[in-house]
């Protein structure tokens, strides 16, 4: 039965929906939708986060400072930023890091993924599905779930704390390795808790699978790193399900950031083609076979299949990736031997370097040109959210007609939810996006 | 370092930002809080912290003690919010007292500035009570404004009922003020000091004390005839924390009351 | 504490979100903390956005756009206590590096169509525009310090946030000085403690992310760095990072420009 | 005097542990000799020496395997007797007001292995500080009462040492339970042990030992003489009190202030510095509160703050307070100098300010 209000809404021919300040996303964004006769006429995901010019002030700084400076682009996924910088610079200098350091770096990613995915999943996104304003409200009805979520999140932070020094803007990452590596016994001290976290992650997937998902399947061009032996964190080729298969040093050739009139924003797209998708769904679809058996079993148990094209289900995949990160962390800790040296010597030279890594919310690209004095001459950084922005808008375009008849309040909620599918991190996106200063 | 608990019997405002706490104890006999004029307590506001506060009541009154407190920061603010019946912590009394025994038989000149009258009030009570044992008794008191004057009613009563010469002065007058305007040192001529026979006690802001002492010296007092009470940052009041060091002295143990001759060499050294 | 829960708000200017995330990173204390206050406005965490006035407002981020200026003035009106968190809000943050450059030039480097960018010439701390009741340092802030500040304000006591050097924390922790024992340049002696001497604990020199301590002698430290073989350019950059526009660091970096 | 083999030291450590002591001794960590809990002789810095200068410290490999072949490191024993952070008490609100509970004090029983003569003197000095005639500090005294001290005589002085000037070394004269002198020659590595207290003798009864021979005693004497003759620094103490009191306006202070960072490192490493601060912390509800004591320093700006202002805003005034206190007013306060000549403040000052040199600069300034 449609309520009186809804009936009334249905009769309305056109309306404009504005969300001046998107909640539960990282950074400041606004949403503007113009709907005419049930069809989306205009959609803008606006970003009014002020620009911070990172690429500009990386110029003239020493390569050694890059991991610390780039971390400050985003407090939500600093590891992905500093690690992409480090990888790009090591590529330029042809630095060969030790296998132990490589493993530790993967461990640091595990920490960030566990923390960031859990944050998004439980604190930012789950309230949408369950109808709460926030996790505090949710905790009143589901105290045990929230407590568990917090402990799971903390497990990720513990890893970042130990390996990186702190959870936000870690200080231990450097070109060539780390400043200091942890002792095996320090890592082992976390082991049991991570085992607990693995079980909690399984519960998380099952929990997320109970949500109601709109029947909304899209045909995406999924892009992610693919590595022959592992689920991608820190390296691999850039692959898409529609034929891209390149080394990150070719990124600039295949991907373009374009200026789109209506939103004054740079949208990434694949050259000669269109928008694409990065993030958990893309990674899952392209790397399913690299997941651990437990991940596959749990995915099968909840009936997820090896491919998923419903963006709303990204919340489940975040759960699976959290599970993967726990298992990967356990594997790394089991095999860990503290290396003799925390870092290898780095020899700067005049060169260019490129790297992509996988932030929790998707692939990130960094490229640098460095002078023989070790000073950065040019830098380019493409964060995941700006790569997804066009896809987000497309989703809205296709999604809104399904619900155009809902009362405004509910429609707004649904739209916000659709944006939150992407765990968009506007703080980092904006350093590269144009911003529209007119706020509607 | 562990405070004892006392109860607020009364709290009343002396001026806009100075209030007086009357404290009593149920757990200990009040005799345990016996003090000598010039000594101070560390008052503890629950969860906020401690402040060194001089005792400003009559040391002969055995049933409660008074503290007059200038509201300047966190602790003093918290204390100012207390209500009758509230409990605070207290440690003390600490420090050296005014030399009321030694100066018996002499003329007494007290110079006080602002809140500096509070630590001197117990001495005034004492001298008035033992009036015969002292010579001429003068109190010169300066405040920022008439409204900042401490104990105005009491000052009037003293002047009326007792053998004490009181002169007051304010930095800035208001329309109601009929008295003098200026700084406390300007009052010294009224005291008509007999330098040989006089002992002086001074308390107030450090700069006020400096000029008062200059003035007393000009009037012929020797350095050892002048006593002053100093303020320093104080954390423990036990001589451990180091904060209140003043040259070779710890203000909490060797002070706050000093004979000026003891500190004269360092009194004018800046930032000591 | 009063019976009525204090209304609490978190605002964001120009920043990386890290400092407000610190609040959500306090997993062990979060529920207790949020239980003790009324979360009236915290868009990063909640869809509920209550109107002011607020009892306590936290502001993250520096003032870099005309819009920021407008907002912060409004926020000040609505918050009884205004606390700024992080290097951006207390010193202008890393984006204050623009303060030495021509912003138009910077805009061109990053954006293809610079005409759409509206920003002020300088990135300044919140206190340059409105009165701030307490400034919590750090890039990012330390979550335990944040909780301490909130506890202190809720209980009307002095926040136990020391303003002295990182060195004191190092010594309390039992660290061996990286400058004396390894000749690693370290900003610890002029930087405010609060991070629990994190970098020296990880065998690297402090790079000053908590900003200048209460009384700095940067020129003496810079001279020591020079002695250790750092060039003026390097010294300039060392002081010109996350708290670049905090006065003592700004002056020292400028003193080493050539 | 008794002579014990090097390995007997392990037995001493074992015996002390058996007696319930927490045994603290030197070991190598992060490129320096630090004091921490040790469990056996292997934890000691065998074959490590150091190289110290103003603002400079490096470990140096020795070729003789000496266990105590280093000079004073960055830490001192004060961290055990006067911990950097200590909970004093906690309190809970209740219907009557509040209830205070003293921090349920754990007072470990420490055995200190390797206390140098200057460090012993530093402990004597702090004894006076924490028993100042009017009050005595509970925590300090409870710990102090129970410590076992195994002193070690210095066979070699560090480059920043000046205990001879301060008359605090290099020979440990009193206040120890046992004192060791480490002797290493071509084919022997042994200790000459002096028993200072019955507690020390009781321990030595459990340890295999021989009466020291004339030769061994002579070797121990030589070791001390060697240390005495190669003191890295000297400080002229004659009339030091009036020198500093009278020179509060000397321009040398301005010179120092140009370099001093007011970072407080010197006070943190000094074995006699005793300043502390208190912090009151509360939980969120405000119903539970704790009082903590932490190390403080006269170099910290807040230290001399009062509601009406600050008594020492300039770095110059703070350095002057520190040095004048150490070398002059300390004598008035406690009848003894506050400096034992260990040289830590010189080595660990990031910009290498040298107390001995500054005293001589003041003296020189008077001659000009």
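Per-chain numbering from 1; labels A, B, C and D assigned in written order.
The working rule: a contact is a pair of C-beta atoms (placed from the backbone, for glycine too) under 8 Å apart; a residue touches a chain by one contact, two chains touch by 3 or more.
Since the structure is predicted, the reported quantities are computational estimates derived from the model, not experimental observations.
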Problem - Most contacted chain pair (by C-beta pair count) - result: A-C
Practice task
Please indicate which chain is farthest from chain A, where distance is taken between mean Cα coordinates of the chains.
Solution key: B
Exercise for the section: State, to the nearest whole Å, the distance from the C-alpha centre of chain B to the C-alpha centre of chain C. Expected result: 43
Handout entry: Between chain D and chain B, distance of the C-alpha-averaged centres to the nearest whole Å
Key = 40
Problem - chain A-chain D separation of Cα centroids, rounded to whole Å - result: 52
Completion exercise
Chain centres from averaged Cα atoms put chain A and chain C apart, in whole Å, by 25
Completion exercise
Expected list for chain D, residues touching two or more other chains, is 280, 282, 286, 313
Fill in the blank from the handout: Residues of chain B that touch two or more other chains sit at 47-49, 73
Problem - Where chain A touches two or more other chains at once, by residue number - result: none
Practice task
By the touch definition up top, name every chain pair that qualifies.
Solution key: A-C, B-C, B-D, C-D
Completion exercise
Listed in rising order, chain C residues that touch chain A in their complex are 12-19, 21-22, 24-25, 27-28, 30-31, 34-35, 39, 42-49, 64-65, 67-68, 93-95, 97-98, 101, 105-107, 109-113, 116-119, 139-140, 195, 198-199, 201-204, 207, 209, 234, 237, 241-242
Fill in the blank from the handout: As the complex stands, chain C meets chain B at residues 155-158
Problem - In the complex with chain C, residue positions of chain D that touch it - result: 29-32, 34, 55-58, 74-75, 79, 84-85, 257-265, 268-269, 279-286, 294-295, 297, 299-302, 313, 315, 347-351
Problem - Complex contact set, residues of chain B against chain D - result: 1-3, 5, 7, 46-50, 70, 72-73, 76, 86-87, 89, 205, 231-233, 235-236, 238-243, 245, 247-250, 253, 265-266, 269-272
Fill in the blank from the handout: Residue set of chain D touching chain B in the complex reads 88-89, 91, 93, 96-98, 100, 102, 129-130, 132, 134-135, 137-138, 245, 248-249, 274-278, 280, 282, 286, 289, 291, 293, 296, 298, 303-308, 311-314, 316-317, 321, 325, 328-329, 332-333
